[in-house]
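Labels run A, B, C, D, E and F following the written order; every chain starts at residue 1.
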Amino acid sequence: MRVDGRKVDELRPVKITRRFTDAPEGSVLIECGNTRVMCTATFTAGVPRWRRDSGLGWVTAEYAMLPRATSERTARESVRGKIGGRTHEISRLVGRCLRGVVDMKALGEYQVQLDCDVLQADGGTRTASVTGAYVALVDAMRWAAHKRYISSPDKVLRDCVSAVSVGVIDGTPMLDLPYPEDCRAMTDMNVAMTGAGKFIEIQGTAEHRPFDRTELNRLLDLAEQGNRELQRAQSEALAD
Amino acid sequence: MRVDGRKVDELRPVKITRRFTDAPEGSVLIECGNTRVMCTATFTAGVPRWRRDSGLGWVTAEYAMLPRATSERTARESVRGKIGGRTHEISRLVGRCLRGVVDMKALGEYQVQLDCDVLQADGGTRTASVTGAYVALVDAMRWAAHKRYISSPDKVLRDCVSAVSVGVIDGTPMLDLPYPEDCRAMTDMNVAMTGAGKFIEIQGTAEHRPFDRTELNRLLDLAEQGNRELQRAQSEALAD
Amino acid sequence: MRVDGRKVDELRPVKITRRFTDAPEGSVLIECGNTRVMCTATFTAGVPRWRRDSGLGWVTAEYAMLPRATSERTARESVRGKIGGRTHEISRLVGRCLRGVVDMKALGEYQVQLDCDVLQADGGTRTASVTGAYVALVDAMRWAAHKRYISSPDKVLRDCVSAVSVGVIDGTPMLDLPYPEDCRAMTDMNVAMTGAGKFIEIQGTAEHRPFDRTELNRLLDLAEQGNRELQRAQSEALAD
Amino acid sequence: MRVDGRKVDELRPVKITRRFTDAPEGSVLIECGNTRVMCTATFTAGVPRWRRDSGLGWVTAEYAMLPRATSERTARESVRGKIGGRTHEISRLVGRCLRGVVDMKALGEYQVQLDCDVLQADGGTRTASVTGAYVALVDAMRWAAHKRYISSPDKVLRDCVSAVSVGVIDGTPMLDLPYPEDCRAMTDMNVAMTGAGKFIEIQGTAEHRPFDRTELNRLLDLAEQGNRELQRAQSEALAD
Amino acid sequence: MRVDGRKVDELRPVKITRRFTDAPEGSVLIECGNTRVMCTATFTAGVPRWRRDSGLGWVTAEYAMLPRATSERTARESVRGKIGGRTHEISRLVGRCLRGVVDMKALGEYQVQLDCDVLQADGGTRTASVTGAYVALVDAMRWAAHKRYISSPDKVLRDCVSAVSVGVIDGTPMLDLPYPEDCRAMTDMNVAMTGAGKFIEIQGTAEHRPFDRTELNRLLDLAEQGNRELQRAQSEALAD
Amino acid sequence: MRVDGRKVDELRPVKITRRFTDAPEGSVLIECGNTRVMCTATFTAGVPRWRRDSGLGWVTAEYAMLPRATSERTARESVRGKIGGRTHEISRLVGRCLRGVVDMKALGEYQVQLDCDVLQADGGTRTASVTGAYVALVDAMRWAAHKRYISSPDKVLRDCVSAVSVGVIDGTPMLDLPYPEDCRAMTDMNVAMTGAGKFIEIQGTAEHRPFDRTELNRLLDLAEQGNRELQRAQSEALAD
């Protein structure tokens, strides 16, 4: 039993709110327990210079935290004048995960920018960003299909994608770590998977205690189960 | 009659949600029509270096917009590596307005940082920031009194403060301009007032057509009325 | 009676020197008491990208202080690698004031950049910048008319503009505050007016003690009188 | 058979040169095929502020590429004024891998900074950085033991660590990808392992085609084998 | 005969105005022909961290150009967010030249910051900066002696220093090049000398045509003569 | 006799290794005693914007130090977010020296970027950069001639160029100062010369003790001799 009463293989409650704000082509608030991330998708004509005239689209992501998403205030990166390594790392991760399910040819020379802004952080903000950004991306694709920029969302999106964190706490592999568990985890892994159950991204780090193949397998089992449930939540949200 | 059916001296619907997030000492979501700003107050021991050993506290504010608060995506200032002039100007305005009602001696050597992040922008984001930040500030003062850092919120806060925009559209002075009106306004004024009906800040700009004393007076009348209503909304929210 | 012997409604001595340097299309040194600001106007073909093909011109301003304009040396913003909020705020104010008297259509797709560099600061540097920049702008317009870029300065400039500071010191409203008074002012207001006596910009701030309508009216009366005198000085300088 | 004649489970030739330069406490040139990375270890008294008085040491890493490490010149990040996301991501990866084998308590309040500068890039620069940085770290520990800052390298270093890339090319899992293979890889994974055969870091990304559990297992087998060989090369170099 | 009617070994008219502004400990306007540089000296207690507790003082310089010092407007380095190479190079040159005549032990743990801001540029701005900064430095030393921070200016200043440019135009060595000559010069040299006729700095560059020993000697003769005259102007200004 | 046993007019051992890395059009490792600099030349079509359609080529240089080139680690300029004055100064010096032997018309609208990265610093890194960069430039010219971008290296390169440091130590002029001597030098001079024995750049600085004409001449004699030997080493390296 865990601090919040969950079982080791149990997700925190997930809530996905679409059309959270009006302006973006896709706008989603995802809540995973106390973690809350606002994910917007911006659809624009044209692609970055290095990709022009390739006939291919582009998907990119930016992640950020509001100053008081955390228990102590974090200085704004805009005020500090530079983006920190953690922000860069997560933005890149989110971008790769989403690109992993997009058929760039079917998208054509359009760009989707995914913005994931953490309103409240309680562990798993990067995985919640991936899961929420996918829903915003679908909404943007529906918008684009409606506007006839693309033929249909199904042509562009090859599969869905979600991500979840897993970790080893006091020797026990557990699913979906909130912040207090995350701090105590000896091993920490973020796993992004498609609806078909394949991996798009595995990032396991064991700064505090290396892990072996057996633990890895158990963690991947948990992640698989968690992602299946998250994808169910995505489907339900998108069915509304 | 205006586009959204309001009368010239009518505010947009105001909604103030306290405890919008858990971590900050004060956390408020203020909605003025479609404008939505998240205002948090962070209370910390100590003051900036230049104010140390003065026995006085400090209050400061930072304003920012999420990339898709607007109809077209705005690049992040963290990514551009610098803060724009508009952001600086508004952050400073919000800070001055809030400091205008704080007794720094009663606060003692503590600092309150107010963060106003615009989730959705439809005109009047800077005035909504002032109005919402005041409520967050009260909550932070209550927290601080509870923790015995200050004696009581009433000692520190000399009065309440709110702000509202007014402007002249096609020759008619109007209260609380949404974005489409703001764009058409020849004169645009932001007015911050205390509960006692005094001015803390008046910023009137008439880049497009200068205004005379008569118009100014009519605008200030409207602002006075608007601020009274906003202060009622603040009171009600704080009474919960 | 004030420290420097002036009456409450008396301006400091104003001196406007045109052709202060040779290279710019307009180059003015304005001295208001001990405050000295060098204002240059640069006239160039073309406008910023966002304004291209609009048939409209553009006017913009940048304000800065030399390191030893002040009694203690201020670090250069170029060395610090970023522009501070105060600088941004003032640059924007000066730009708005000057744009307020320019007919952008008559200017055509040309840009005027106004640079206001404070050689010596003794209060009122932002208002001196507005007053001096207007004279530099007229000289640049005369140059442009001579070069046949515009038809005539009178077509482009709809009126003159000047600005002055007013404030309440120990309960008494006063005109044109030097630095020592500025520090003691409970209320501080900068007012930019046209030759026709209309307002282009009012920025009143009362961080230290809110002010009421009566004080506001008295301050505006003083500002009106001060601006009339400043505009007389502008006229005389331009008549040479 | 691969372009360079290697078998799918064969490493490129590895060469580790210790004492490559004189000044650093550890200085290593590691060559993995045509990839060449200079890794230096700097040992200094004291730790970053946030870790002071903890009794614990700290290990951190910075990765960079010389402009012409690549076939087209890459602009210097110093000239661009900011560090790119890829650089941040890799620096963080290298730091975590090395910290994964260090007993911070045994190190005491000393810091080791690892600098990995790529002189020539032909794929696998981040994994070569980890492998080379470990050797530089050992040399720095020997130096520190000699200077009596630490008791012995074996107390501080709990195990060795190396890293290798693996990937799926045209459906075939392969070990140690040079640049041309890296570009064609549908799945790309970097695996850091200890001498005991445990994982410190797994970063698998499949932006171009998701992978399943079977492929993952085959990739991990290859990585295990590759890391065993790299650790043999580390041992031999350190035995000189 | 030269464009401006001078002989090849003739300086442009030099004018040195002391007490150009009131706030700095030394404030000088130096005019060399149309080149005008404002040089201020700021005297402060304490030295940079790396020099603390050495008993030695420090002298440093910063050079900058106002945007319209030149015939085309130069963007502000503060706006661009970084200092250019030319600015850095000249600031360092000016600092070295002034340090070259200061006895740091006699100065004690005080710092003098020299700010050289070019109001108008017509060639030779860096050499005018050196010549003018020396006069501002003397005034700051007199101020410091008066305030009893140092015993006497003569103890701190071992000699005077001035600088002048020389160059080869169409094969003819010439003294003190204005901008149009500077552009045409195949060889360009800046020479800083002490009152005793010794060299503190020689910077000769011949990007456009290498020069030989004979030319070098002729250029140095001219520089010697020019510096003698500049030092006479310094003396006269300081005698007032 | 000097610390390292050399005579006052003796160079440190010079070793020039061409084709040090594979990717660049020219890649040279130059070793002058313990100073080691990697110099690469990148040849690209096109020139900077300000030089377009001039028919002329461009040559530019960037100098940098790896963090542990020095006995104490130097923070990366990329991490600090700005380039220091010393780096700017040296980059500009190297660029000017190389441009001094290039016929820009014969080069045509191509650009050569020279990157000089110091792997190990023991004095004379800027002069070694010039000497090494020339060899890299020749290799890039040979490559360009082979690719038919230019007619022949001899047409583009008017002469060779090398640079050496000289200085006065305890009253004795000496050639080629290593770091410990450099620190003690009262006068320090860097001299770049062509194969014809003419000067391209002379930078003498005497922050610690001014020097006279006699010393200058002796220093130039030493520099001339040193450069002749360096040019012999360049020739030999290029003959391989």
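Heads up, the rule we're going with is that contacts are C-beta pairs under 8 Å (C-beta built on N, C-alpha and C of every residue); 3 or more make two chains touch, one makes a residue touch a chain.
The model shown is predicted, which means the values in this text are computed figures rather than measured ones.
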Same or different residue numbers at the chain A/chain D copy interface, by half rule: same
Superposition of chain B upon chain D: rotation angle, C-alpha, nearest 5 degrees: 120
Averaged-CA centre spacing for the pair chain C and chain A, given as whole angstrom: 50
Whole-Å gap between the CA centroids of chain B and chain F: 58
Inter-centroid spacing, chain F versus chain D (mean Cα positions, whole Å): 33
For chain A, residues contacting two or more additional chains: 81-83
Overall pattern in which the protein chains touch one another (line/ring/star/complete/other): ring
Running round the ring (origin chain C, first step to chain E), the chains in order: C, E, F, D, A, B
Chain E contact footprint on chain C (complex, rising order): 21-24, 27, 34, 36, 38, 40, 42, 44, 62, 64, 66-71, 73, 76-79, 81-83, 87, 113, 115, 117, 119-120
In the complex, chain C residues that touch chain B: 82-86, 88-89, 91-92, 96, 99-100, 159, 189, 193-194, 196-208, 210-213, 216, 220
